[in-house]
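Consider the two complexes below, in which chain A is the common component and chain B and chain C are the respective partners.
Presenting the complex of A and B:
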């Protein structure tokens, strides 16, 4: 796909356009052959209107971008995700075979809008989205050395379960254990309690490393948004640490075989005692 | 006053249905003008319509196998009816597999366009579904309100880009803003722009071509003197533009727009044998 023209298109760009077109004044430049790869992934986390975007030399899924240049150590800004998604899909969401939207994303730094250049079939669209003050991101302090239990499941196994979760239940209880029931999801709703057990020998189970029996409850309202990522993913890794914190990692493979990860962290519901079966 | 018409051919029926569906998307209520050779769907620029106006012309011979009408008087052999095209659209929905469709002007408890759809059936007698669509007869003294609009004295005339792309872009922009700026120049370039507090988006179309109009007298001079790079622009209600584009199902034979800077955008769409003009006024 041809590289897009950064400056020149779109008058009155102000400081947003590198005057010489080389992007030298940009703090962040990212180019992508198929904007759809980014929009698909962003949809996976689109359950709040605004997202904080952090770009470092390694971050922002450098694997899927053809070009990724970050001038500073790390670049952080907050942006309206709904608007970003509308811009990324400006040429429509369905794709004809042989057509795709090329994307170049540029950011001049604090106070400047995020500029997107999108091109499809010779038509160029320039979007300037205002950025906001970055919000404090929660640091869950989840580190792999404290992981007690770990499971990797094929997503298709969890999709139906999550779609059918009893939403009248305040919590989703997750039990992981080296012994029966191995991996159990439980809800306690108005109609009664429901338990869904996964056997460790099941075909869907790729990795089963449980050292200790743990039962933790998480507010179901906090976990429900993760179903978007689950729907797009092929595999999910479920880990709990010594504090009962939950880490969900979704592996999403796009149509070109590139792989991206979406991570969710959740802390356990405080009112419940642990290690109960 | 009499009117009766019949469609026998399935392709004609589908085509007619598509046209009615397009009209239904553009106007809640409009005027149907019947003459011996043509049908016209007309919307005049009243405040209630938000100032848009529409003129759609079809040759009856391209759709109907039989077409007979008698106007209000010999010297005025025309009929003007006010109706809701959505009603006609719904009636035609039941006609997808019809053997014949007959349309007749009748007087039940009020004037109606009666659509009788003959459907295939296994029994020897056919099933007929009848729809009575209420209409209002427009008296001759008001006919002057519905004259064909003249092409405005435009600043720029330009062919529209591929409608599918234009449709996608405008639909997305509709999520972001209530108004859109359409601008174009005599170099075949057109831009669609929206700008709000949160975001600005501009889509650039190139190499569209400018239609060669044959103008008389002074008008021709003014467009020839015009700098080809200068843009003529108008800010319009984005919903009206989106409705126009949404109604276009297949790429038209000819699609162009004339822009009178800051005043009005005039669209002309020709699809096989259907000629549609649509005017969207600029926002204050």
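Presenting the complex of A and C:
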């Protein structure tokens, strides 16, 4: 497949963005007519200043882009997420009806900055953000064949629970079982323990597939950042595998009805003490 | 002890905990034959509140059996933790259908369990400390003056004072005019202060029995906490007071719930040094102390910390309002609780 020519010079030009006349060749081009969709999703994972972007033909974001072309098998770079978010929302974060920011995101490859073309109401802004060496991405090696227990819950059932988690507790203990208590979140704080129990027959429970009783503890500081994604999502899938690794998948539906997913993985806490009843 | 609260009463319980949290850092939980009592006192012993929920308030109420000394088990917990359970009142109202509280002396935890809709249950196992009985000594019948009004009237009055205001002076003048004024320290420069005074006429009150002009100064913060509870309960609030320096008692009563807030009042102006003790060191009453000795001069409310009945603190009313007056009939049904 030939290298993609810059916008305006070839087929598949993105919506609304100004043409870049420099003749640069892009390995990645992604266009979106509502930048807000992307900024909302990125906010859901914004708990560190940098993020590693990995774009492949099956990129997670492929579903929401009007145009998504990747030249190489996979394109990876590290970028400051705070700056990326600021650029995406450069026209402001409030959403007036009828206005939206169009986005065209282009990347020439290793060593080049990520270029963002943003347009709203006839005004075009070009942002170039320096990219950094990609760091090793943690591969949790979480594959569906090793999943022992799986639950899909409506997010509204978990939102308040997570907001009210006892932060004096170091860990969040998750118990999933085919028998009572079915699904339990526990904290062990300064003043005592607290247990939040969900019945498997609960209206909030969409899928309940628990084969084995598993109790795992996770550092609460690692899970707290996922509350941003929880707040935006309508459903969450909670899975644990044979090693006790936790996978949280949040389904986010944007205002145009498009579905995106944000995934969190967390490994269990090493020092496991006796479960306090 | 085991009790179950259902429906709208869960929110009432939550509001009571919020009001108590304005008083002290520890919540005293005491089941009695007459119901469950929740109490709090502040560190300087100048404010005490007690909420007594009658057995009928609960769907189920079991006080539990007495121990070897014939006493029912009682404990105290950190107010912060208990309040966190009831923190969000709107969500209590919308999503909680049942609240179960159980205290088993043999276990080491106070269990509070909330049942939410959609089959979700949250169970809190709180650590507690055993404690002595917390009981303020006061007798409403010995207070010479009484005012009774709907909470609404008083809420509308105190809203005019800044949130940071520490003390307020309640005064009753001739012809039953009731005034509320922010208390200004004598040491403050008059040119640098703003005085706000609000006057309410007698007919805004359901009852005014004040034998002579009098005014008392007490802490507004704790009073606001009670007002907020009173407003939501729609019960009339009674204020019983006496001469400056003697505690003022604020109460709400209905068949299911009795609430008393006792606030120390500022002693007379010629004892300005006593005003300094307002937030002074805690006055701990040892078990065997004889209270009748010198506490008349103290800014603190006498606290009884044992179960041995002790004489009522202050000398009877005949030294105060000796003259007879159409207003000085003793109030019925006051209880020295």
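Everything below uses one rule, namely that the second predicted complex is superposed on the first by the 247 of 277 C-alpha atoms of A that agree within 3 Å, B and C clash if a C-alpha of one lies under 4 Å from a C-alpha of the other, contacts with A are read in each partner's own complex, and residues count from 1 in each chain.
Following the convention adopted for this analysis, a contact is a pair of C-beta atoms (placed from the backbone, for glycine too) under 8 Å apart; a residue touches a chain by one contact, two chains touch by 3 or more.
Just so we're clear, the structure is a prediction, and the values are computed from it rather than from any experiment.
Check chain A with both chain B and chain C modelled on it and let me know: fit or clash.
They fit side by side.
In the superposed arrangement, does A:197 touch chain B (first), chain C (second), both or neither?
A:197 sits against chain C, while chain B stays out of touch.
After the fit on chain A, how big is the angle at chain A between chain B and chain C, using C-alpha centres and going to the nearest 10 degrees?
Computed angle, apex chain A: 70 degrees.
Should A:86 be classified as contacting the first partner (chain B), the second (chain C), both, or neither?
first
Return first, second, both or neither, reflecting whether A:125 touches chain B, chain C, both chains, or no partner chain.
In the superposition, A:125 touches chain B alone.
Would you give the minimum C-alpha distance from chain B to chain C, in Å, for the three-chain superposition?
The answer is 11 Å, the least C-alpha separation in the overlay.
Do chain B and chain C land on any of the same chain A residues, and which?
Shared contact residues on chain A (touching chain B in one complex, chain C in the other): none at all.
Sort out for me which residues of chain A touch chain B in the complex.
9-10, 80, 82-83, 86-87, 89-92, 113, 120-130
Using the touch definition from the top, list the residues of chain C that touch chain A in their complex.
Those residues of chain C that touch chain A are 77-78, 80-81, 84, 87-88, 91, 95, 109, 118-127.
Per the contact definition, I'd like the list of chain A residues that touch chain C in the complex.
157, 160-161, 164, 166, 190-199, 201-204
Quick check on the complex: what are the chain B residues that touch chain A?
161-162, 164-165, 168-169, 171-173, 175-176, 197-207
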